[in-house]
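As written, the chain order gives the labels A, B, C, D, E and F, with residue 1 at the start of each chain.
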Amino acid sequence: MKEAIYPGSFDPVTYGHIDVIRRAACMFDRLLVSVLDNKAKVPLFTVDERVKMLQDVTRDIENVEIGCFQGLLVDYARKQNVHIAIRGLRAVTDFEYELQIAQTNRKLSGGNLDTIFLCTSLEYAYLNSSSVKEIAYFGGDISALVPPEVAARVKEKYGDRADERPRS
Amino acid sequence: MKEAIYPGSFDPVTYGHIDVIRRAACMFDRLLVSVLDNKAKVPLFTVDERVKMLQDVTRDIENVEIGCFQGLLVDYARKQNVHIAIRGLRAVTDFEYELQIAQTNRKLSGGNLDTIFLCTSLEYAYLNSSSVKEIAYFGGDISALVPPEVAARVKEKYGDRADERPRS
Amino acid sequence: MKEAIYPGSFDPVTYGHIDVIRRAACMFDRLLVSVLDNKAKVPLFTVDERVKMLQDVTRDIENVEIGCFQGLLVDYARKQNVHIAIRGLRAVTDFEYELQIAQTNRKLSGGNLDTIFLCTSLEYAYLNSSSVKEIAYFGGDISALVPPEVAARVKEKYGDRADERPRS
Amino acid sequence: MKEAIYPGSFDPVTYGHIDVIRRAACMFDRLLVSVLDNKAKVPLFTVDERVKMLQDVTRDIENVEIGCFQGLLVDYARKQNVHIAIRGLRAVTDFEYELQIAQTNRKLSGGNLDTIFLCTSLEYAYLNSSSVKEIAYFGGDISALVPPEVAARVKEKYGDRADERPRS
Amino acid sequence: MKEAIYPGSFDPVTYGHIDVIRRAACMFDRLLVSVLDNKAKVPLFTVDERVKMLQDVTRDIENVEIGCFQGLLVDYARKQNVHIAIRGLRAVTDFEYELQIAQTNRKLSGGNLDTIFLCTSLEYAYLNSSSVKEIAYFGGDISALVPPEVAARVKEKYGDRADERPRS
Amino acid sequence: MKEAIYPGSFDPVTYGHIDVIRRAACMFDRLLVSVLDNKAKVPLFTVDERVKMLQDVTRDIENVEIGCFQGLLVDYARKQNVHIAIRGLRAVTDFEYELQIAQTNRKLSGGNLDTIFLCTSLEYAYLNSSSVKEIAYFGGDISALVPPEVAARVKEKYGDRADERPRS
């Protein structure tokens, strides 16, 4: 059985992530989508909330499972006994950063964790979680960027700031 | 009448920005240079100071007007009834970041805000506001980077740190 | 009146070019789309054929005019009394090449020809005339890449090679 | 069963290609390495010679098969009933070119051919078939770049030019 | 006598830095490796500790000297009467950032400080001080990334966090 | 004595090359500027003409010598007993290509030929020999791109095509 891990922050999951998940799920027997619990950043959503949203939006894809981890990806992958990591590439600057991480992970894992890259579909190439949050913060419309259930939860988070929104 | 907005932080305006302003002012009937009031960053100059400096250095260009805004550019452009945004490009890393923002703005505006790019003139390609501030902080000479009136105000800001300057 | 030139080979015009033409036509009072007659390359279509196809596909855009030129763009622009060139950007490698040409044109024209860049819409970012020709040559479907009238003429050109096509 | 195609010119196969083949063979149940018979280029080796060399150097990898094709990859993949293409990435310029081809292939195949990218291992990142040929042409040592059996055949090809070699 | 400065944070020095130091030391009569004391960042090691580690790992290279500086490189280089700066390049994003700094330094120094670039050897291209620290923080093995004496000191720094390490 | 080679086609030498030569000549005791006699390309100027033009334009720089070579740079450098190659970098696409060549040369030379890069000065960053030739071919003014004696010889070469020039 061929398995792969798709690690990320998913804060929150966007249509761009879902595109990568759907395509990678076709390529492997089992796909483990794993939320990184990065203590160095202050997320909008807790790890539990992010896991829950990922479960909601991937409910119809049979061979996808949602998990979470702390620390180094190579340690987590070894415990899960998975040897393939998946990352989406949108742009050249992504590419260089991701390449460096991929090489480091091969080195750290003694060759036991290799990374493959999928190019984000064109219609989602401009998308990232940060801009989703920034647009929502200022009251912009994010319905083309994230699924409805995610959009609703993002709005809840920013709800109490509605009065100070710079809208006319 | 064809109008365009040139948004930015302008903290402070440099010769590179002025080069873009002059060239864009030749291309459109009216150019609105707009200072972004970004609550997420601590600027060196207040929005009012930045507007004032822009007015000073563009005094001789008839069809330029200085403004400011908070929040999303697409909301501001809609209120101003302007459909063209202008951005300067210096480098490849600029390009990818700007491209992403431009695509997001087209999407968010329903196609009503398009972005055009001007390449910074070669003699200003190395210039940005951050390095102007860093050089001035350490007592370096910024007279080739910003107009005299801007250089004077930058020096005022850093004046009280003069004693701890790492000069010989 | 603000005028701009959009120069290119247009061999043949694609949906990507048409996207740039439509958007640029909104920004200026008159847009001159100009086919470069490059003696150094062997084109699929003659200059006359390329001009004709451009006229066909831009018939509904009032302020667009189709022309052609040989030699340096700066000479042609000077004769047309136009001071703005337009180029589409798809990718980083485009960007560097185009930037070099733009700087050379500013230098050669004594500052009288400036270039602005539009980013190709995402759905056309993968498109170029060369791949249209390669796909058509091998009998692939180009109906999503060029308008129907252009697709028909491309097929005509390759028609006599139909027997050697590598189709099943 | 998960299958993938690794298409290329392989003129000749290098240690960089072999690195990608070994790693991809671990990820899928069957890997089809396919030599493109590109009529537009004059190769050093015939398709048959390239297939033979690939068979030699992958003899010890069970789930690898060598093939060849003409025309569009999407047509070949459809006939082989394979939905995944593999490409190695060495550098940013590779990335943009490969991204464009990957997007075109997804479009042309109606979503039935997706591409995944592997980053070439660091020790082979500088390697390509063209520089192997250029170095061998001038009598340089290619033993670190290609397997011994390939090096021998490259030398045979250039053998009759030995007298004009610029060696001391 | 031809002298050069190799400035950097070296927090801590890695095998990548040492590769650049060794190669640059062959090119010039004297190489001054200089630790930047950047008040804007919180380092893992003090300037003294970084200088000490650099002295340890370059002990066998005769014409290398270790120093430190605050403020602008151009001021420091002028005081040291050195006219050449050396920087390592790993990737395209490095390149653009470094190019901007190099141009600014030539401008600020009136042409008296020029920068030359060495490309990091392939086996160290994925390496940087930040990832060394992140890997060590999570208990990963850094023995392939930094010399033994540096690895030991990095472990000391993170020693008191050992209990919360995400190891199995 | 520290020596370096600056290899290139120099067909013809431009102000951009001369900028690199002047700066590199300050960094080393002796600089050998070497014209590559590339049998695979049809140059505008013979090797002898290119050597002569380089001698003319570097006459005032004492420690510069002009040479020429065929074949691999590593073979030539070994015969000259020089261990440092110099290359100018203008752009990111240059960078990746040059990086690959530099890594190949280190490998082929067993570590005996290392490459350093200088960034082309901003005012010459848009310049290359090909665009000089193209502009001159069409009767454009190249006096800002190459020294007067080079401009004169380029004009001579294209003189017999003067009648077909696309000038008004």
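Convention: a residue touches a chain if its C-beta (ideal position, glycine included) is under 8 Å from a C-beta of that chain, and two chains touch if they have at least 3 such contacts.
Computed from a predicted structure; not experimentally measured.
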item	value
Higher-contact pair (C-beta pairs counted), B-C versus B-F	B-C
Homomeric contact subunit C-subunit F: same or different residue positions, threshold half	different
Distance between the centres, which are taken as Cα means, of subunit E and subunit C, whole angstrom	48
Centre-of-Cα separation between subunit F and subunit E, whole angstrom	32
Multi-partner residues of subunit F (at least 2 other chains)	92-93, 96, 99, 103, 122, 125-126
Listing of all chain pairs that touch each other, if any do	A-B, A-C, A-D, A-E, B-C, B-E, B-F, C-D, C-F, D-E, D-F, E-F
Residue ranges of subunit C in contact with subunit A within the complex	92, 122-123, 125-126
List of subunit B residues in touch with subunit A within their complex	70-72, 74-75, 79, 92-93, 96-97, 99-101, 103-104, 107-108
Residues of subunit E defined as touching subunit A within the complex	90-93, 125-128, 131, 135, 138-141, 144, 165-168
Footprint of subunit F on subunit E - complex, ascending	2, 23, 26-29, 83-84, 89, 92, 95-96, 99, 102-103, 106, 114-119, 121-122
